[in-house]
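Right, I'll just put the structure down here and ask away after.
Each chain gets a letter, A, B and C, in the order it is written, and its residues are counted from 1.
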Amino acid sequence: MDSSSSIEKDLELIKSTSPLIHNITNYVVMNNTANGLLAIGASPVMAHAPEEVAEMTSISSALVLNIGTLEESWVKAMLIAGRTALSNGIPVIFDPVGAGATSYRNEISRKIIEECHPSIIRGNASEIMALYNTNTKTKGVDSTSSSGSALETAKLLAKETKSIVVISGETDYITDGRKVGKIKNGSPLMARVTGMGCTATAIVAAFAAVNKDFFHAAMHGMAVMGIAGERAAGKARGNGSMQVYFLDELYNLTGEMIKKQIQLTEE
Amino acid sequence: MDSSSSIEKDLELIKSTSPLIHNITNYVVMNNTANGLLAIGASPVMAHAPEEVAEMTSISSALVLNIGTLEESWVKAMLIAGRTALSNGIPVIFDPVGAGATSYRNEISRKIIEECHPSIIRGNASEIMALYNTNTKTKGVDSTSSSGSALETAKLLAKETKSIVVISGETDYITDGRKVGKIKNGSPLMARVTGMGCTATAIVAAFAAVNKDFFHAAMHGMAVMGIAGERAAGKARGNGSMQVYFLDELYNLTGEMIKKQIQLTEE
Amino acid sequence: MDSSSSIEKDLELIKSTSPLIHNITNYVVMNNTANGLLAIGASPVMAHAPEEVAEMTSISSALVLNIGTLEESWVKAMLIAGRTALSNGIPVIFDPVGAGATSYRNEISRKIIEECHPSIIRGNASEIMALYNTNTKTKGVDSTSSSGSALETAKLLAKETKSIVVISGETDYITDGRKVGKIKNGSPLMARVTGMGCTATAIVAAFAAVNKDFFHAAMHGMAVMGIAGERAAGKARGNGSMQVYFLDELYNLTGEMIKKQIQLTEE
């Protein structure tokens, strides 16, 4: 089965089973994230009270942890939910928003990775690099710099954490530490809409909910994001309409569109 | 006066008096809720600090309590605000988002009903059924199932709580325990936009702020939602544009449009 | 250099340097605020954990403090961030949302002004008047009323706080206590979109990040808001599309458009 057929199959599974995706995410993007998940046919739920997150996670098909606007009580909830997911075989998708910007974000990222063992980690190049430097204290910044590029760092991070690592950018890279997938879809206008990366993480979670091959789930989610994004950018007149058209494109995405537009390679 | 004229009259009152609606609601929908209220001419305010909610509620014309992303300190604020509303004769409109999904939501829903005596409760069928089973511990799930349908449960809940109960769905049902109103307006696309139900609750609150006959206030609010929703769905290409067009339709809604489109019955 | 050239120069600086704007703001508007900043080329970050705000502020070029949905822990973070900004020479832009509505908002507003010495304060007429009455306890409501108008109050507030004070409205007024700038751009439809004032505050912060003449930074930010707002209102069919078009207009704003439309005077 070629890539576009596999993506189409996953997309149909999402639409037919409408998996519940539990999001503990940031305030800025909650609305977009929920609408992105609804657009592809998944069922979003947001809940962050320590009193209820274990119960909510345990009825979900995937858990998104996103530290964009973290604070103590939310971190507590993330760890409870993440450990619940781990012990129930529910995939955890981790978005280390702003890792590297503050030591608090680095510390919490390390804790989430250690205690929740995310199936997939998605960030931009600097977040992934910060994560690796943070996670492997002894290596520091220099050794990473010498490792050449964010992709090499992502491979090391993937090997060490046993997570699939996704770097979003002009080209998206997906790696399990050995294999590397590349997706060249997308548009620069996506970076001008707040929370597009966070939406990508949630969409990847929806694919992980229906496809236990997490490397390919991540590939499929990122491909769908990129294709919807470039279709929307072709119509948008700015970042306001981009946000609207992006959801509409995601909502209307067909196997044929995917087949026609996809720019994906796997090595 | 026929239904469409009564709705038009309430709508004019909302536009001319611009009632302040105090919302203690969830993070996902705050922006939509505020814009929905502004679209029909009401004045939204969001405030959740225990230090100020009593003061804010006491200058408001209606209070919305929505447990979509509840947590301990917010629940505390909801109860303070709800009791303030109760003792000042300000209607409380309760949205039990996710009731039934976790025991925490069930417990808090019960508390809000007991301590704040909402004038109107609005939820989807499963939330209303969960609420009834929760609220009347001794009956359990079975007796409700045997009561036949969500509408029968809604009637029982309305009788017991002395609240108007609204079930949103393909057909919306509104009941005081005896009378039943039905509204057949709306579109399936509304369920693909996050927080459409939460907006409905806030719009109902705006009608309750100007019409003390809460059964009809609920009818009018739900009718306006459904009519704006089906007008928007006729133009939308997905859930992105649906959200935008819905606000525009709400903003431009006239008595003539209501008269032409309304599908409302009362038994 | 005339006004439109100065604005264009600042706008180019924002686009070329992409200043990081740290926002501790309210839940309702976070998404719009972030997209507004992205539209003009600035880089938004939201962070409110007391553990990290000092670190985040210290790498930022301006700090927005907005009390729209304040609560104890957020106020704590605002004061930490504000004091950090103050000691690092980073401008603090304060938005006293709802000042006057509750005594808690008045008290916190007073604290923020005293401890963080905002470079610019932006509010609507009633917020600015409430702020002055609050800040200068001994004067009470009456003396302010006799001072004639919100502009006179704004001048007194500016003198006392040494902040630039901005009153948003049909005409925007900007004052340092002596000079007064007036901007007549904008549209009444802006007031029907939630958080438009909060976006104005953030846009002003982006200008303050690149222009240390805060009186003119405030003028430029408000002018850009008004021009984008009236362009968007010319196309919008309601408050839904207004929000979308506003971002698109901000995204596409050119020096030529500014020159053609600007209605600004300075006395």
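Rule of thumb we're sticking to: a contact is a pair of C-beta atoms (placed from the backbone, for glycine too) under 8 Å apart; a residue touches a chain by one contact, two chains touch by 3 or more.
Here the structure is a predicted model, which is why all the values come from computation and not from measurement.
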Pairwise touch network: line, ring, star, complete, or other: complete
Angle of rotation relating chain A to chain C [CA atoms, steps of 5 degrees]: 120
Interface sides of chain A and chain B: same vs different residues, half threshold: different
Separation of mean Cα positions, chain B and chain A [Å, integer]: 34
Sequence positions of chain B contacting 2 or more other chains: 27, 31, 243-244
Residues on chain C engaged by chain A in the complex (per definition of touch): 27, 30-31, 34-35, 38-39, 44-49, 51-52, 55-56, 59, 73, 243-252
Interfacial residue positions of chain B with respect to chain A in the complex: 26-29, 31-32, 68-72, 98, 101-105, 192-195, 236-241, 243-244
